[in-house]
Amino acid sequence: MSDGAYRLGDTEVTDEFAEAFPMRYARVVITAATDAWALEAARSMTGFATSVIGCKCEAAIERPLDAGETPDGRPGIAVLLFAMDSEGVGERILERVGQSVMTCPTSACFDGLPDGEKRVAVGSALRYFGDGFQASKVVAGERFWRIPVMEGEFLCCESVGVDTGVAGGNLVFLGADDAHALVAAQAAADAMRGPGIALPFPGGIVRSGSKVGSLRSSSIPATTNHRMAPTLRAQVDDSFVPDGVGAVFEIVIDGVSEAAVRECMRRGLHAAADAGALQVTAANFGGDLGPFHFPLSELRDPP
Amino acid sequence: MTLTLTALTSPPARVDLSPLVPETTRGRSAIEVAGTAIRCGRDRVGVGELFAVSGYGTDELVLRGELGRIDRIGAGMRGGRLRVEGSCGDHVGARMTGGEIVIDGDAGAFAGAELRGGLVRIEGSAGASAGAGYPGTRAGMSGGEIVIAGDAGQEAGAAMRRGLVAIGGRAGDGAGLRMLAGTVIALRGVGAEAGMGNKRGSIVSGRPLRPLPGYARAVRYRPPALALQLRRLRELGLEVPDAMLTGAWTRWAGDRLELSRGEILIFDEEEVAAG
Amino acid sequence: MTEIRITGGAIHDPANEVDGEVRDLCLRDGRIVDDVGAQARTIDARGMVVMPGGVDIHAHIAGPKVTAARRLLSDDRRDDPIDRTELLRSGTGGLVPSTFATGYRYSLLGYTTVVEAAAPPLAARHVLAELRDTPMIDKAFLILMGNNQVLFELIRDGSAHLRDAIAWWLQATGGYGVKLVNPGGVELFKQSNGVIESLDDTIAGFAVTPRQVIEAIGSAVDGLGLPHPVHVHANNLGVAGNAATTLDTMRTLDGRQAHFAHLQFHSYGGEPGGPMRSRAPELLEHLAAHPEFTVDVGQVMFGDAVTTTADAHVSTVLRDLDGGKWLNHDTEVETGCGIVPYTYQAGNYVHALQWGIGLELFLLGGDPWQVMLSTDHPNGGSFLSYPKLIRLLMDRGYREDQLGRANRRAIRRTALLDDLDREYTLNEIAIITRAAPARRLGLRDKGHLGVGADADVTIYHDREDREEMFSTPRYVIQGGELLVEDGDLRRVQDGLLLSGRAPFDPAVAEVLEPLFGERYTVAFDHYPVRDPALREPARTVEAS
Amino acid sequence: MSEPLICAGCGLLCDDVTAEGTALTPECALGSRWLAARRDAGGAAASIDGAPADVTAALDRAVELLGAARRPLLHGFDGATVEDARAAVTLADRLGALVRVDRAPDPEAVARRGSSTATLGEIRDRAEVVVVWREDPEVTHPRLLERLGSGATLVVVDDRDTATAARADVRLRWAAGRDLEAIRSLHVLERELPLTEDDLAGELRGLLDRLHAVPHAAFVHGPGLGGPRAALALYELVRALSDQRHVVTLGLPPVAGSAGADAVLTWQTGYPAAVDLASGHPELALAVDEGVDVAVCVEAPARPGVTTIALSALPVADAAVHIATAPPGVAAPGTAHRLDEVPLALAAPWPADRPTAAQLLARIGEGLAR
């Protein structure tokens, strides 16, 4: 064990750090007549949004909202969506609100980031679906569009705020076998979700960690992280998989701020330890690419 | 201490108080303000002749006493806060662009007429033409909010283009006359002849109403935008029954003699009874 | 009486072929004189430009349609109040100012004579009463005669009394001259919302054609020798392709004196309902060959205007463009009236083309004595925009800057991009704003600074910014009295009512009376204005 | 002996009238009453607080009252001349007073949308359908129908059996409270849109068919139409109908004189009906009466409860000062505007032994200047 490594119970925490990058993000609040319909809309909207490389954005449910927290007093879901620039955020939001929220029974769409440094159009672009029959209302200084649909009206905020967040925070969980590793990762994911955090992969967890580029072809941008693949342990020289480890999972974290990501990692780390992870580590690119570094050594204190 | 003007007695003629707003009194002493000339009838008089002035000018200005003949309070105001402890005359907050006026009592005619921005809040009732445009104006109120806890007189929100006129009580006849857009809500109902010539505005009546022939019944539904607005009314201090937030409203589209893009929304009490 | 000596100014008096000569100008008893005594007040005009007072040959300032426009536009003037002072009456400005404000503002602009170009004779008392409340300026009005059913009958019958009838009407109303507005077409509009398609259309019920009306009244006015010739607002105003009608109207009047109003609105090529083109060059060519004709341009200025016209059909077209306010009033036997507020937008193809055609009329080399300045106030823009228009004419750099803001497609269809480098001189401005209008109005004592002329003098600072220069004259003197100094009114006077008169056979009354009885709801005896208070103070200009 | 006269008994200003005594030819009961009241007005030349006084003393008192007034009002103009109104607005401007033409047509509808109107001759010669809307001109403007000729179909909208209704070719009898609805319904039908409520539909369709069948029609309306919104609705209907034909309205003012006074107020100040000059410049007066302490009432009944200086040919009850004027059109000449805005010169067949309101207003102005 090197200098920064430590143990939390039976879990080894390596002296690694997660390396993260600035990304732009928006928060969309989806409401509906019931929790269930709000969740349907949010799931649909955040589907196929795992990796900015493959999906042009990363998005996830941030948290469910009580009726008391939403602009229209109905149950809601806050969704965070990250992309490389605000234009990208705007385009993705427009596609996803248009296809997944407007189409969903009883839904309405609101801005969850009113003080964002930039704004991107939502209702002001979707309104054309109203074919001239759309109408707008300004409530407390904010404009909303009413787009007539078969059910009644789809109410959509004019625009949403965009801010700069932090993407690419991560934790990697090693376990004795797939079941144990997954238990630890799931416990971590459950602990990590919360305000300001999006875990974009299915259930928050990714099993197919990747590396940049390929060992064999220059045209493939990303390939499997062979050094973390337990099955390759015996056939590659540079495997990171320690003896006794049968499975590895990663949780990728997009957050609204460095602090949010750090605290999220802290929660995940300790939850995974409590759940019996053999080892928890983090992925980076050597530290020269991302301006945000989250050394696991700084997460030793419990949340 | 906040600059406070207390009317000594009801003035002999109507007074135009528009020169005194927080931005003109800020940083001025009571003595300076008392020396300001204002118009009383056809005469110009010192503020001190009509009001006892105390305190020192800040972003807030307080008026007290019998103010029924004091017109144009806060007219053209651009910011700050003006509090009227009592009832006031006509044109309060007319053509104001920002800031907040609170009137504890009633307001006269043309309260918040041609409002551009800011908030006019009337705890009592308002006279005719609250939030309306002056005669001949094609585009009247273009922003801001007028909140009237009591009733409003005739033609509230006439010619308005944007903004909200929220009435806790009843609106008189002719609400939303020739309105271009914006919203007039009267929780206890709007009077007859509402929304004549309405282009794309919303008139919301908490009580049954027979719309003019230019309107056609569309549907009974729960308008999501209205829920948002009614919740805003609660924030602004009006008592909105839960049933209005959750219940059904009947939408009448019109005025078909204009653009036909406006609406009258009428609360459907039967729905409540059924529910 | 006041004596004034204006010293050291550069005199621009084109009627007397004086072009910027620096010399003294002496005024006494309301006239320009050779010399005044040593006690005379001296106005030091060194570095200044001295011109005759401005003369507006075509504007709409008084009468029922102007007051109707005031009623229609109560929202336009409230941000332009004019306070009463010891000297001045209060009022309101905007596009159609109240009467006192109209007088004050014309005077502040250096104008001393203004012609109300379209008065229904039946409303003469109203026009006169408003003019009486329009102080400062001398004023005249033209009476509408192009759709008069009684005259139609005389024309149809080839009556020898037509001339007498016209002279009688001037006498009955106090009018100065004769105006034709869409001759025959207003009657057609009142009959059936109809329009004139050719000058040879028959006007139902009267068996006369617009051509006959134009020809007969034009000849009659010419024959009477009235100080101002027939003043023509041709048929089909504003319609694409109307230049053909305008040329046809001119040909109908060839050889007779005539003034064509707001020619810009009548200079369009294309087909009705289709895209408009400019035919200004062709009309200017025709003008050049016909010295008996003059025109005023009727320039449109970008911004707000209000169209107020006897040509009521035009108003229904404008009404349907944006669905805004519209006012119509039909006056029995005589005319119609339509009012629609309107905004000319630089980016709009038609508006930019109209703007460009106006400038073409000014700039394509016409004789300034034939082509006078007007905006057809308030139809093309307020008279307060004249200084800006003058700058457009005098300052090529400014003009090109403004051209750059206008709709490109429209401007490309004009000659304005063809390296048009003409810049009006001060003398040319003096011609189009005073000398030519005064001459055309037959006002021999106005529009020039020769000895014996009315002492109507405007003195400007000679500033590089011509808009600024012409917006605020340094001094305005009218009738020998100093009215304006540095943008302030110093003295108020009523101004004269100018009336035109020609002798007529009183027996014409026997012809007219039965026709009146059939058509008017006002008795013949009650029609003429007799009340002296309405007709004074006056100056009558006799036919020659 | 019979005198030619322009009768100012109503806004029609009939100028084909002669008077013998107080009997008019052609006969007109309203005109005769108007003339009789003014020829026999009698009474003191002036009074102060009801007691006879000489004119100079009364003027002095008027000057004193106005000089001390904080919120003076000049109003009235029933049957006044243009000259009277002109003098009144002049004095009001000097005083910084309110001016109100009491029976001015409501200016709001015109200011909002405009209107389409015509002189009597246009309607007489062209209109084939004349719709009189809840007015009874046979009583208020007795010669109106005669002057509009007999060619047109007369439609009367009124549920009362009035004298005018008795002459109607077609009667429509819905109640007054439904006028606005009826006009808007007509407009809806004109636009070929479906009507949602149709108990009036049959009658309205019938009326519209009549209007559609002719190239010219006129609506005659007045205070019976009930408020500016109804007038606005009517003007908008007329505008819609005007697309395919020529349709105009003729307003019936309740008195003669108001049309001219309203024109004067508009041309001198820029605003119609009621203007406040207290600020030093004209402003539309939107709520007039409250706070008025002294009123100058020109040829009209006084306002109750206000100290009134009445300048009037007829006696005025409860005036602080009354000065009798030479009755316009009877003993005083002047200009008046007919209800269709045609200006006419009132004759003055009887000798004037009293001043006109215009003269008195000018003298008050001189008094105030001293």
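Note that the chains take the letters A, B, C and D in the order they are written out, and that residue 1 is the start of every chain.
As a convention for this text, a contact is a pair of C-beta atoms (placed from the backbone, for glycine too) under 8 Å apart; a residue touches a chain by one contact, two chains touch by 3 or more.
Since the model is a prediction, treat every value here as computed from it, not as a measurement.
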Argmin over chains of |mean CA - global mean CA| returns B
Can you tell me which chain lies farthest from chain D, using the average of the Cα atoms as each chain's centre?
A
Selected interface, A-B versus B-C, where C-beta contact pairs are more numerous
A-B
Counting in whole Å, what is the centre-to-centre distance of chain B and chain C, each centre being its mean C-alpha position?
46
When the centre of a chain is set as the mean of its C-alpha atoms, what distance in Å lies between chain A and chain C?
74
Rounded Å distance, chain A centre to chain B centre (Cα mean)
46
Chain-centre distance (mean CA atoms) for chain A and chain D, in whole Å, is 76
Which residues does chain D have that touch at least 2 chains other than itself?
96, 107, 111-112, 277, 279, 284
Please set out, as single numbers or ranges, the residues of chain C touching at least two other chains.
72-75, 78, 325
Could you pull out the residues of chain A that touch at least 2 other chains?
none
Kindly provide every pair of chains that touch.
A-B, B-C, B-D, C-D
As the complex stands, chain D meets chain C at residues 6, 15-16, 82-83, 86, 90, 93-94, 96, 107, 110-122, 124-126, 147, 215, 239, 242-246, 248, 263-264, 266-272, 277, 279-284, 333, 335, 337, 341-345
Could you list, by residue number, the parts of chain B that touch chain C in their complex?
133-138
For the complex, which residues does chain C have touching chain B?
72-76, 78, 324-325
What residues of chain A sit close enough to touch chain B in their complex?
71-74, 108, 133, 135-140, 144, 146, 152-155
Would you pull the chain B residues touching chain D in the complex into a rising list?
12-14, 16, 39-43, 69, 90, 108-110, 129, 134-136, 159, 173-174, 177-178, 193, 196-197, 210, 212-217, 256-257
